[in-house]
Amino acid sequence: MTDFVQNCIDGLMFGSGYALLALGFTFVFGVLKRLNLSFGPSIMLGAYAGTWVYLNISDNAWLVALATVIATIVVGIYVERLCFRAIRHDATIASMVSSFAIWMQLEEVAMHLLPERTYPFPAFFTTTTIEFGPFYARSEHITMLLLTLLLLVLLHVFLFRTRPGLALRSVSDNPLASAYMGINNSNILFLAFALVSVLGGLAGFLILSADTQVTPYFGLWATFKGLIAMMLGGMGSLPGAILGGLLLGIVEANAFWYGGPVIRDLSAYLLLFVMLIVRPGGLIGQKIVAEQRAADERV
Amino acid sequence: MPNEYVLTIISNIGMISLIALSAYLLLVTGQISFGQQAFFGISAYAGAIATTLWGWPFWLALIFGSGLAALIAGLIGVLTLRISGMYFSIATLAFAEMIRLLLFKLTYQVEIDGELVGPNGAEGFGEIRWIFDHNISVLEYTLMIYAVLLLVLFGMVLLERSRLGMIFRMLGGDVLLTRTQGLNPVRYKIAAAIIAGFIAGLGGTFYAHSFTYIEPQIFNVMLGVHSLAYGLIGGLGTVLGPLIGVAIDIGFLESIRILQGYRMIVFGGLVAVMLIFMPRGILDEARVYWIKSVIRRWFNA
Amino acid sequence: MLELRSVSKVFGELSALHQVDLWIPPGKVSGLIGPNGSGKTTLVNIITGIYAPDTGQVLFNGVDIVGSTADQITRFGVARTFQNIRVFSRMTVLENVLAALISLGDPSWRVLLGFTKGANDPRLNMALKALETVDLLNEASVVAGELSLPLRRRLEIARAFVRDPELLLLDEPAGGMTPTETANVANLIRNRIAPGRTCLVIEHKMDLISDVCQHLCVLNHGEKIAEGPPDTVLEQPQVIEAYLGRD
C-alpha cells in the first residue's frame, strides 16, 4: 500500500511535466482546432540549442533556458507557416498530417545537428529529497508541479483578462466574425504558436534539467506523452491538460513499479485507446466532441 | 540477370506498396489511419512463426498471417466505429504502439536442431530462413511478391468499379449524405478495415521472410506515417497513386546517393508541400477522371 | 401519409420546435414556410432521422419513425435534399445519382460486388432518366464539385427522386438563386417532379411556394401558426405579421 501511494506521489511529480507538455498541445487545439504533432520535436530542437549553449557558451542555466525557448519558438514558427498558415482553415486533418510529416523531417535534422546519442543538460534545481512520513518526493519535481500550476494560472489570466487573450479566444470561437471585427487572424495564429512554443520550451527545459540529459528520443517521447495527457484530459481544455498529465503520471508510475518500462508505456497507450473509444472528450467531458460532431453534421 | 541490389530495391517497393495500398484504402473511405504498421507487424510475426517454428509452407503462412491481421483489424474497426477524424487517427496510433510494445514482450521460442528459434522480445526474431531453406532465389522471391501485389491491384481495381467501392468513396466524401442514401456505414467501415488489414498483412509476411530478421522497432510510427504519405503524395484517385508515392520514395529518393541521410527531410517536406497545393495527391480524383476522358476520346478518334 | 404530433425539440437553451402538429396529405405538394429561424430545417431533420425529437411522434404511413436512423428512414421511402447542398463533390453527376440507387432493394454482398455501370443494369437507366428529367444529361460526366449552384441543386433533386420515394422533401430548393433560376426550379418541380408524388417543399421564398404548393404549413418561432390551402393561409393576419413584422 505504501508502494502504491509513493507511486502516486511520484506519478504526480512526473505528471506535472506531462501536464506542461499537454498544455501546449491543448492550447493549439483549443485555439486553432488542430493538432500539432511536431510539438515534441520542436522542443527537442530547442533543447539541442540549449545544450549547445551549455557546451559552448556558458553553463548558466538561465541562459540555457532562454536559448531553449527561443529555438523552440523559431522551429514553432517554421511549423506554423508550413503546416498551419498555408493550409485552408477548415482542413484541420491536413494540418495534423502535415505536422506529422514535418516531425519526420525535424527528427532527421536533429540527427544531423547533434549526432551523438546523449547530451548533458544543466541542472536547474538543487536536488534534495523531502520526506514526509514513509513517503518522499524530490524537490525538483515539486518545483515543477508548482511551476506548472503557476503557468496554468498565468495562462488563464492571459486568456481571460488581457486584450490579446480575448482576441485569441474570439478567433478560436469564430474566425470569420473576428476578422470582420478587425482582428488579424494571421497575427493571432502567430501569437498562439509563439505562446505555445514558450510553454513547450519551458516544459522541455524543466523536464530535461530534472533529468540532466537530452537524448534523440526526446522529441517522440514528448509528443506522445503530451498527446496522451491532452486527450485524457480533454482536447482543448486547459485544466484538462493538467488533470490528464497528472492521471498519466500516476498510471505510469504504478505500471512501471509493478511491471517495468514496457508495461509502463503500454499502459499509457492502453489508457489513451480506451479513453478515446469510451469517452473521446476525456475527463473534462463530451462538450468538445459534441460540438465537433454538430459542426460536421450541420445540415 | 539484374543484380541483387536492384532486385532488393524492387522487392522492397513491392512489399511497401502493400502497406501503402492498405493505408490508401482507408484514406479513400475518409479515415486516416496512423496504425497500419501494426497489421504489417502482426502478420510478419505470425507468418514467420508459422514457417520457422511450425514448419508450415509459405503460402499457408501468408494466408494465416494476413488473416490474423485482418481479423484484428476488423476488431479495431468495430471498436472505433463511433469515433472519427482526429480521434480515430490518434486511436489507430495508440493501438499500433500497443502492438509494438506487446511485441517487445513476445517471447516464444522453440528448439529446432539444437538451437532456440523464435521471437525473443527486444532481441527480435531471426533465422526466418524459409526462402533460403527452399532455395528460392532473390529473383523468384521478387516475382512471388509481385504476383501477389498484382492480384491485390487487380482486386482493388475491381473494387473501385463495384458498388462497394462506390460506397467507400461515398463514405470518404460525406458520411451523413451516405446515410441519407439509405446506407448504414457500419458494415462498410468494418469491411474496409478488414480488407485494409489483410493487404497490410500480406506485405508483412513477405517482409519477414525477405529480411530474415524482424524486431518490434521496425513496426513503428514512422512506417505508419510513410504508408499514409505515399497515397497522399501519389494521389487518392487511383490505386496507382500510392504506388507512385512508394516509387518516388524508395525508387527515387532512396537511390540518390547525395540524399543519403537527408531522405526524411526531403520526404517530410514533400508531404507538407503536397498537402498545401495538392491535398489529394498528384493523381487525385479530378485528374483521374480527366485522364480517363482523354483516353476515351483518344480511343474513339 | 405523414403526420407529426406534438413534436418538440430543444437545443440547449433554444426551443427550436414547440408542440408542432402537422399533416402532409398524400399526392400533393405541400409547403413548409416561415421566416428564418422558425424551425423548418429542424423539422425536416427530425423527419429524416438526423436527430430525434425530444417529445412527440412522427407517423409515416401510420408508423412512428422516431428513433429510426437516417438510412432506415430513407429505405422506408423518404428522400431529401439539403438546404446547403450536399453532393459527393469528387464524384461525377451520374455517379452521384447511381449512389442513391445502391441501397434500393436492400443489396446483398453479391450486388455490392457488382459493377456500378454494368450495361444491363436497370439502375443505370433509372439514373439516366432522372438526369434527363432535370436536364443534366449532358453533364453526366462532370465532376459534381465543378457544377454551378443551380445545376447542383438540380443534381440533388435528381438524386432525391430517382428512388421514386413516397415522400420527397426539398429543403430550400431555390436557395441562393436569382428570380429566373427560381422560376426554373418551380417549373421543374411543378411539371416534372410533383405529378403523382407527395412532396414537401421548405422555403421562405413566396414566389416559389405560391407557384407549386397546394397545401401550406406555416411555422414561426418553432410553433405552427397556420395550415391549409395557400390562398387561405397567406391571407391570415398572423402569417402576414410573421413575415412582415407588426406595424
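Every chain is named by a letter (A, B and C) in the order it is written, and numbering of its residues begins at 1.
One rule holds in what follows: a residue touches a chain if its C-beta (ideal position, glycine included) is under 8 Å from a C-beta of that chain, and two chains touch if they have at least 3 such contacts.
Just so it is clear, the model here is predicted, and its values are computed rather than measured.
Student: Name the two chains that are joined by the greatest number of C-beta pairs in contact.
Tutor: A-B
Student: With chain centres defined as mean CA positions, report which chain is farthest from chain B.
Tutor: C
Student: Roughly how many whole angstrom separate the Cα centroids of chain A and chain B?
Tutor: That pair's centroid distance is 31 Å.
Student: Counting in whole Å, what is the centre-to-centre distance of chain A and chain C, each centre being its mean C-alpha position?
Tutor: Inter-chain centre distance comes to 47 Å.
Student: Taking each chain's centre as its mean C-alpha position, how far apart are chain B and chain C in Å?
Tutor: So the centroids are 42 Å from each other.
Student: What are the residues of chain B that contact at least two other chains?
Tutor: 176, in rising order.
Student: If I count partner chains per residue in chain A, which residues reach a count of at least 2?
Tutor: If we look for residues of chain A contacting two or more partner chains, we find 297, 299.
Student: Would you please write down the residue numbers of chain C that are in contact with two or more other chains?
Tutor: Counting only residues that touch two or more other chains, chain C contributes 50, 82, 86.
Student: Across the complex, what residues on chain A touch chain B?
Tutor: Going by the criterion above, the answer is residues 35, 82-83, 86-87, 91-94, 96-98, 100-109, 111-112, 220, 224, 227-228, 231, 235, 262, 265-266, 269-270, 272-273, 276-277, 280, 289, 292, 296-297, 299.
Student: Quick one: which bits of chain B touch chain C in the complex? Just the residue numbers, please.
Tutor: Result: residues 158, 161-167, 169-170, 172-174, 176-184, 280, 285-286, 289, 293 of chain B touch chain C.
Student: Over in the complex, which chain B residues touch chain A? Could you list them?
Tutor: By the definition above, chain B touches chain A via 32, 34, 79-80, 82-87, 89-91, 94-95, 97-98, 101-102, 104-105, 176, 221-222, 225, 228-229, 232, 261-265, 267-269, 271-272, 275-276, 279.
Student: Where on chain C is chain B touching in the complex?
Tutor: 48, 50, 69-72, 74-75, 79-80, 82, 86-92, 95, 98-100, 102-104, 107, 109, 111-117, 141, 143, 145-146, 159, 163
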